[in-house]
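Two complexes are shown next, each including chain A; its partner changes from chain B in the first to chain C in the second.
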Partner chain A sequence: MASGSNGKIRSISYARYGYIFILPFFIVYAIFQVYPLLNTFYLSTQSNGSVVTESVGLQNFAAILSGSGGRAFKAVHENFIRVMGNTLILWFGNFIPQIVLSLLLAAWFTDAFLKIKGKGFYKIVMYMPNIITAASVAALFVMLFADSQFGAINKMLMNMHILDAPKNFVTGQTTSRVIIMFIQTWMWFGNTTIMLMSGIMGINPSLFEAANIDGATPTQQFFQITIPLLRPIMLYTMVTSMIGGLQMFDMPYLFNMGTAQNRHTETIAVFIYNHFHNLKPNYGYSGASSVILFIVTAVLGGICFIFNKDDDPKAKERRSSKAALKSKLGGL
Partner chain B sequence: MDMAGTKSNSQAIKVRTICVTVVMVFLAIISLLPVYILIVNATRTSQQIVESGVSLIPGLNLFENIKNLNALSEAGTVEYNALRGYLNSAVIAFSTTFLTVLFSCMTAYGLVVYDFRFKNAAYTIILAVMMIPVQVTSVGFYQFMSKLGLTDSYFPLIIPAIAAPSVVFFMRQSMKSTFPLEIVEAARIDGCSEFRTFFTIGIPMMKPAIAVQAIFAFVANWNNYYMPSMILISRNKEQLTLPMMVNTILSNEKLSDYGVRYVSIFLSIIPVVIVYFIFSRFIVEGVALGGVKE
Partner chain C sequence: MKNLKKTLAMISSVVVAGSMFAACGDSGSNSDATQAPADNGAATEAPADNGETPADNGDATEAPADNGDSASGDKLTVLCWNTDDINPMIENFCASTGHSADEFNVKSFGCGGGQAAENYDAYLSDASNDADIMFVEADWALKYINDDSAETGTKALSDIGFSDSDYGDLYDYTLEIGKSSSGVQKGLSWQAAAGGFCYRADLAEQYLGVTSPDDMQAMVSDWDKFVDTAAKVQEASGGQTALTSTLGGVWQVFSAARSTPWVKDNKLQLDDNCRKYIDLAKQMYDNGYVVKDLTQWGDGWLAAGTTDSTMGYFVSTWGFGDTILTAAAGGEGGATYGNWKCIVGPQAFYWGGTWLTVANRNNNADLTKEFIAYFTTNAEGAESYANFKGEYVSNKAAMANVINAYEGLGVLDGQNHFQVLNTVADGINMSGAITEYDSSVKQSFNDAVIAYCQGTYGSADETIDAFVDMVAGNHPDLDYSDFE
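After this line comes the complex of A and B, so read on.
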């Protein structure tokens, strides 16, 4: 190792600094991320309802996934299915309007022929909901839509004689879900718009020019050029959004607080949290559902990776950096 | 791009521009409306809110509401103490931001400037773990922390910020494209130690990337509800962060003053809204570039 050119010796002698610089990251990462992950896997095989646990093998997984083996297990299974359903419904209901809206906006923002004044202003205003404390937003909407006649929206609709009696917006199945979908869309459409915009700006402008000369209408251009060429980035947005959707916590959790419990908006993240965040924690159920969530996320992440692989490295790097930003912001 | 349009074409463009502008104005209003309603209700009396529900005309009761909130907080009726909340959230947000940015810079610097055997392996690990959601590890994390007796302490909320894979990823990207390695060589020849080179040359040269990452880290940590509510299990009044205090207001059924309720939410979002409007251009650009300068 010591032999070799002068340059090589130098690069070897500095190598230890490389380790020193990255060491703190990996130490902290090992203690606060890797160990907790392994611990989660361990806890998934442990018993429930007590701080001191004992091994139960794969019983928790059997209970969650099939509900076989007793009444209590069946209840856990049914709850798990319910919260997974809620999670999917809430994700789907915010993703569809979000992607449609964002696609339209992104196409308009990047359209060179449209002379829209104050584009920068619109972008700033539309991104704003994304940075506001999610917990505060949830509290605001719970208060505005509160079930009694003291709820602001109920009162307003009653004053306008649209409603005779207060409606249960926050506890009702459809209304509570629609409110959460609206909040999530409201919070994330600006972000998705900006991401899709940089995707559109990556499309070769001569394609649009040629289409224009050939007399293609803006609608034709949108469906024949923009959408097909954006497909990879849209699929990618969808998958990262799905991973984000699986983590949805603040909004549904706070909809469960306050006046009444709401079973229609409880998500998988809330389910996991409620099981371990107890005086007598159900570490087993919580751990097992975390492991299931982990596998689902890993599969989705793998799909992302495959999409990414076909592209040129530069687009790939750009895109994964955006996804990272999104996930850092607790993205959807 | 040159305009290739004819006269009839330009007429059509004008119509489209008007339509698009109308939609954009509408969406901008939707984006602002909930916050505006919050501000309006925070300035009205409880009586006014109960009577009319939603209004677009602000009242004059903002300071009165804040005073009432403080009085209730002193009397112990509500657990919301704005100043305490600001202080607690600021302690957590500033220290996590500082640790995240400093150590991410260091890690990225180590990965870019030096050549060592496990460099690529280290980078691959960082990429792979970037997407693991916090909810997946939280059971293990919580149980581990409660075994160590660290619940009800800020330690588990702050120290893990040292390892922020996505920030390392950004920093590395931006260093790769903007950082001249020759400058490190030159510093070595001048006898500058490696750490001094990092602090006096590396960090100043990464300033733009640091600024973007610091803003995002600050906002994310200030807004974080999940981690503090998981770790601060005793809900000790002195320790609550702002989002947790908002939560106590929401679940407080004895609090009948609606002006106080809205003003407490208003006070909790004001800091981020101010930060946002100061740095908005910067933030929007940061999202567009993914924090990467190309």
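After this line comes the complex of A and C, so read on.
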């Protein structure tokens, strides 16, 4: 496309000042993002424990993924499978209720015919849990659900004769998972609701009006108009939630009694953290599991995109006409 | 935004964990840390014999003794995780010896003892950072004591002028823990954290007919008797009272009474005492000889002491104040205040304590020696500090004087528990049982046993298997051939 006249314009280009101005960002990004990222790949091939500078090739990956070759490898493999399972369980358990609740609330709050009063107030209230630091929330819930008869919930249920003996809410397998799922849902549904609301408000209101005039029921409108047109936002929510869910760290790490992690709620991020901060740091395992997590996230993200591909015929037409135009231009 | 949240969560989790560890330090509260500058100021004003210093001395001492300054090589740089101990130590040391607090550069990382090593390593990785004395905890002391490297290692105490004959007055176990694997004395503790069993005297009389601490000691003098007595208490109280509050306390005793180390020749080992603990713990848990739902340091742990649900706690020297026992009695004038008595219990054990080591990059040997000696081998200094801080010090000669002058503790109805603990401290034998893996292995073992008690594992063998798996998951470079 370059032509002779462009040469002159380039000579008075201010682009290099632009580069200088954005340089600080790239320097910081390189030091704090790119370098650690590359270093993670490097660390994943290093040894663990007392001697951490020895290169072991892909042994860490073999240990984590297959577990053959000795008790230590088997243990780390089993732990990895366990924490991976925990992560998926905790993510599904908070994502599904969260998206259902948020969709419902978003649909109600944006419905022009419902005329809900004090929308701003509700939005603030729904968003509120997200403002509280995770540590405070965790401390609060640990106190509420404390395992002994001195825990508030235990005491209440016992006084109401629902429980005979105190239940191990914090250390029990199902209870601790359900509580963490609940906390995650509770903390993040406001955020998701607001996201989906903005998505719904971005839909052309004339579509709803037309549907109304044609006699479509609210349910039909929701499933035939709102949901299909909300897809890009849903995809965004899904991908961010998935990344957040796979990296879930704060609640599982903080929601426990004392220093010991609860084995039923230990997520992959906690696993990585623990190996990194081990008495004898296992940098190799930390690095290798981070890389595996990275790959898993990338693959799942890709799947999300494939499933949510825009299959609207008009868009297809647009795409194909664009492609045709491109090929035409290319031909010129 | 997400990253920010995570960072905040991480910081706050460290703070939360830190405050938990701070609780084990001594009765000092976290507010001590914030008082740090004030304490230093007071300390600098204390020595009145600064004759040679110019008249504007006051201004000079008020100039901040800037911490973390790498150029302060001539100052005594002390690495520690909080200032709960170092500030009173400097204050007392300066007041007694005429040194000035300006000669100290306290590098406190403001974290829990468990996170200190990580911070030390980061700090020491910069060769220009000064370090003279490093505070270490028994659980990970060997990480530094066994390290001879110039960067992160420690010096033998003989290198700065100590000789073996200096240590005669110190409790043996504190010396053992300060020795490297090859037997070189590299660390000394100024504390002796011997522990005893504290029980409710009124409940003991009611359920067991026991009226004196000696009789009570006879009923719990070994673990078999301890369990028998627990059964009696259980029966007499109709299941309302457990002899001791948590398994955590029992484990504290067992873990400090091992005769074989966790790791020997790079092989994981399981002490017979610990095998015994698995069965004992299960038995005590299932029969309600401990309060089932309490965990050590957990909610309600101390509150149980004001009710009749438990009649005993295992308490170490630092735990008689508000950290454990007085708090368990409901504070001064509380529900069970004055009803407690302290005895040796089934086994002599220690719980906690901090050791002083000399960094290899030490460039201030004279003051280092004077400082360490003042709190340990120097009986006068140790006694002065014992009275100053109310600390149970590791120097026996100093302690003998302190014990004689001691008037007894209110929560124990005036009993002189120092006398009891003195017997305990003499009886602790940790020779060769300390390894650098202790903190992590101990934690795994305790987790496994508690899971067994709660029914996660079906048998003691399964528990051991799970324990080995936990350790193997954490320490891939150890040899597990004994457990195949």
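Here is the rule we go by: the second predicted complex is superposed on the first by the 274 of 332 C-alpha atoms of A that agree within 3 Å, B and C clash if a C-alpha of one lies under 4 Å from a C-alpha of the other, contacts with A are read in each partner's own complex, and residues count from 1 in each chain.
The rule we apply is simple: a residue touches a chain if its C-beta (ideal position, glycine included) is under 8 Å from a C-beta of that chain, and two chains touch if they have at least 3 such contacts.
As the structure is a computational prediction, the values presented were derived from the model and not from experiment.
In the superposition on chain A, contact of A:F249 is made with both chain B and chain C. Once chain A of one complex is fitted onto chain A of the other, the partner contacts of A:Y17 are limited to chain B, with no touch recorded for chain C.
When the two complexes are overlaid on their common chain A, residue A:A135 makes contact with chain B and with chain C alike. Shared-chain residue A:W108: touches chain B; no touch with chain C.
Applying the stated contact rule after C-alpha superposition, one finds that A:K123 touches chain B and leaves chain C untouched. Taking chain A as the reference chain, the count of touched residues is higher for B when chain B and chain C are set side by side. Of the two partner chains placed by superposition, only chain C is touched by A:K280; chain B is not. Look at A:I81: by the touch rule set out above, it reaches neither chain B nor chain C.
Judged by the touch definition given at the top, the superposed model places A:I96 against neither chain B nor chain C. Residue contacts after overlaying the shared chain place A:I227 against neither chain B nor chain C. According to the touch criterion, the shared surface of chain A, contacted by chain B in one complex and chain C in the other, consists of residues 51, 133-136, 139, 143, 150-151, 249-250, 253-254, 257-259, 277.
Taken in their complex, chain A has these residues touching chain B: 11, 14-22, 24-26, 28-29, 32-33, 35-43, 51, 101, 104-105, 108, 112-117, 120-129, 131-137, 139-144, 150-159, 186, 189-191, 194-195, 197-198, 205, 208-209, 212-213, 218, 243, 246-247, 249-250, 253-254, 257-259, 268-269, 272-273, 276-277, 281, 283, 286-287, 290, 293-294, 297, 301, 304, 317-325, 327-330. Those residues of chain B that touch chain A in the complex are listed here as 1, 3-5, 13, 16-17, 20-21, 23-24, 27-28, 30-32, 34-35, 37-38, 41, 49-54, 103-104, 106-107, 109-111, 113-119, 122, 127, 129-144, 146, 156, 159-160, 162-170, 173, 194, 198, 216-217, 219-220, 222-223, 225-226, 230, 233, 242-244, 246-247, 249-251, 253, 258, 261-262, 265, 268-269, 272-273, 275-277, 280-281, 283-284, 286-292, 294. Considering their complex, residues 2, 5-6, 8-10, 12-13, 15-17, 20, 114-115, 117-118, 140, 143, 291, 293-300, 303, 436-437, 439-440, 443, 446-447, 451, 454, 468-470, 472-478, 480, 483-484 of chain C touch chain A.
Note for the complex: chain A touches chain C at residues 47-51, 63, 70-76, 78-79, 133-136, 139, 143, 146-151, 166, 168, 171, 244, 249-250, 253-254, 257-260, 263, 275, 277-280, 282, 285.
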